[in-house]
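Chains here go by letter, A, B, C and D, matching the order in which they are written, and residues are numbered from 1 within each.
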Amino acid sequence: VTLSAAQAVVEAARAKAEEIGVPMNIAVVDEGNNLTAFARMDGAWLGSIDIAKNKAYTARAFDMSTKDLAPLCQPNQPLFGIHASNQGQLIIFAGGIPLEAGGKVVGAVGVSGGSVEADHEVAEAGVAGF
Amino acid sequence: VTLSAAQAVVEAARAKAEEIGVPMNIAVVDEGNNLTAFARMDGAWLGSIDIAKNKAYTARAFDMSTKDLAPLCQPNQPLFGIHASNQGQLIIFAGGIPLEAGGKVVGAVGVSGGSVEADHEVAEAGVAGF
Amino acid sequence: VTLSAAQAVVEAARAKAEEIGVPMNIAVVDEGNNLTAFARMDGAWLGSIDIAKNKAYTARAFDMSTKDLAPLCQPNQPLFGIHASNQGQLIIFAGGIPLEAGGKVVGAVGVSGGSVEADHEVAEAGVAGF
Amino acid sequence: VTLSAAQAVVEAARAKAEEIGVPMNIAVVDEGNNLTAFARMDGAWLGSIDIAKNKAYTARAFDMSTKDLAPLCQPNQPLFGIHASNQGQLIIFAGGIPLEAGGKVVGAVGVSGGSVEADHEVAEAGVAGF
């Protein structure tokens, strides 16, 4: 994921966020799970700065969307307790989606600022911009 | 657990992981619960680096497999909340197994990269290589 | 600092970084010292992701450039030891500069990826784009 | 850096450590600065487990050896205070060296367990095994 590609993801996500009227924090990480681009829209939740970055981190960490990861992490499910690992960098609810190229995961986008449904929808728009 | 023994555990686990076709992170800790050997197979989940180490840590921390520990840590069970202790180093799902010699625990192996069933199976192969 | 303004700062800094041929990490925080925009240029040091953010944080934390702060933080100087505060978010060398509007500090830019002189120069270009 | 390549680096470093008679901790990170292989030789300092990993992390973080980084980080030098950044993952003394391929940095090796001179010598042997 180059910076140009990451910024295109951010812009695509931002356009969707504006469309639905919810200010979002949007983050993109690269293949090595390092932050590449970030934008906080005016008025977006401050507590979601960290969450957006961590949703991107989590999606790349396990090469799956945080939406798909979420049910596995609930009480009495296989991965309950996983949120305590990775130095507080895991988020186990929707809004993080891997970015793929050539059949492999090369990064991820994370979105936070609204409902988990809205976050996921905006992240999907980001993926579409990749 | 000497480094040679730890590396033998890693290799046995790796062979099983290759057999089942799931790239894994594999960690071994010694009697003092300190990391002795670690290997991340090509393509293994990045988020599982920490988890593999922590599964080994947890198995030695309580001298039981993390598979056996898991049910005790669910909501309304005796150890609920334990995952918040030990500075984020506990993992409460399957994949960590103690290593025993002469009737006492002398270390542990931790595996992460697939389903908890696959992780546990690969960890068992690691134990068999001890 | 709106997102638009923050992105203009990032772009101005990036143009200067490209001009001098040093890939940089560039961060902008707002009046509340919260991250607003971030970009890692292709090939920029991975360890400077954190440092760029922290230079911006530090410049807003004390409303002065980190270049001006640096000499005060050396051994036997008035603020020696300050780098251990603020949960590891302070950077006490050049590359962070406050953003001002209407005579007050409303945010800051932080740049990391080259020598401290280059970092400061690129940060100044970012300020000029504000 | 594949696991095979990383293990070759570890083995080359270990052979040198045995030659000079100092048990070492040896770590290898990949291009994304994620841990790939680790070995603690029998009797190696426990406190150096973390340091070996962090030396590798630091060398990849700034694409230079920690030996070259060290003088820049002393009091009254340009990068004084940098050790407080990157969540405690930076080590600013010798023993970490980048791994290069095709003219770019693709990972790093970190060694800790003896004097900084010995650590650097063993890390160099690791690089030679790459």
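In the analysis below, contacts are C-beta pairs under 8 Å (C-beta built on N, C-alpha and C of every residue); 3 or more make two chains touch, one makes a residue touch a chain.
These figures come from a predicted structure and were not determined experimentally.
Student: If every step must land on a chain the current one touches, say how few steps get you from chain B to chain C.
Tutor: Minimal hop count between chain B and chain C: 2.
Student: With chain centres defined as C-alpha means, what is the inter-centre distance between chain A and chain D in Å?
Tutor: Inter-chain centre distance comes to 32 Å.
Student: Counting in whole Å, what is the centre-to-centre distance of chain C and chain D, each centre being its mean C-alpha position?
Tutor: Distance between chain centres, rounded to whole Å: 28 Å.
Student: Take the average of all CA coordinates in chain A, do the same for chain C, and state the distance between these two points in whole angstrom.
Tutor: Centre separation, chain A to chain C: 25 Å.
Student: For chain B, what residues touch not just one other chain but two or more?
Tutor: 46
Student: Just say which it is for the chain contacts: an open line, a closed ring, a star, complete, or other.
Tutor: The chain contacts form none of line, ring, star or complete graph.
Student: For this structure, enumerate the chain pairs that meet the touch criterion.
Tutor: A-B, A-C, A-D, B-D, C-D
Student: Within the complex, which stretch of chain C touches chain A?
Tutor: Result: residues 2-3, 6-7, 30, 32, 34-42, 46, 49 of chain C touch chain A.
Student: Spell out the part of chain B that touches chain A in their complex, as residue ranges.
Tutor: Those in contact with chain A are residues 45-48, 50-51, 54, 70, 73-75, 83-84, 88, 90-94, 115-116.
Student: Can you list the residues on chain A that touch chain B in the complex?
Tutor: Spelled out, the residues of chain A in touch with chain B are 32-33, 57-58, 60-63, 75-76, 78-82, 84-88, 90.
Student: Using the touch definition from the top, list the residues of chain D that touch chain A in their complex.
Tutor: Those residues of chain D that touch chain A are 30-34, 87.
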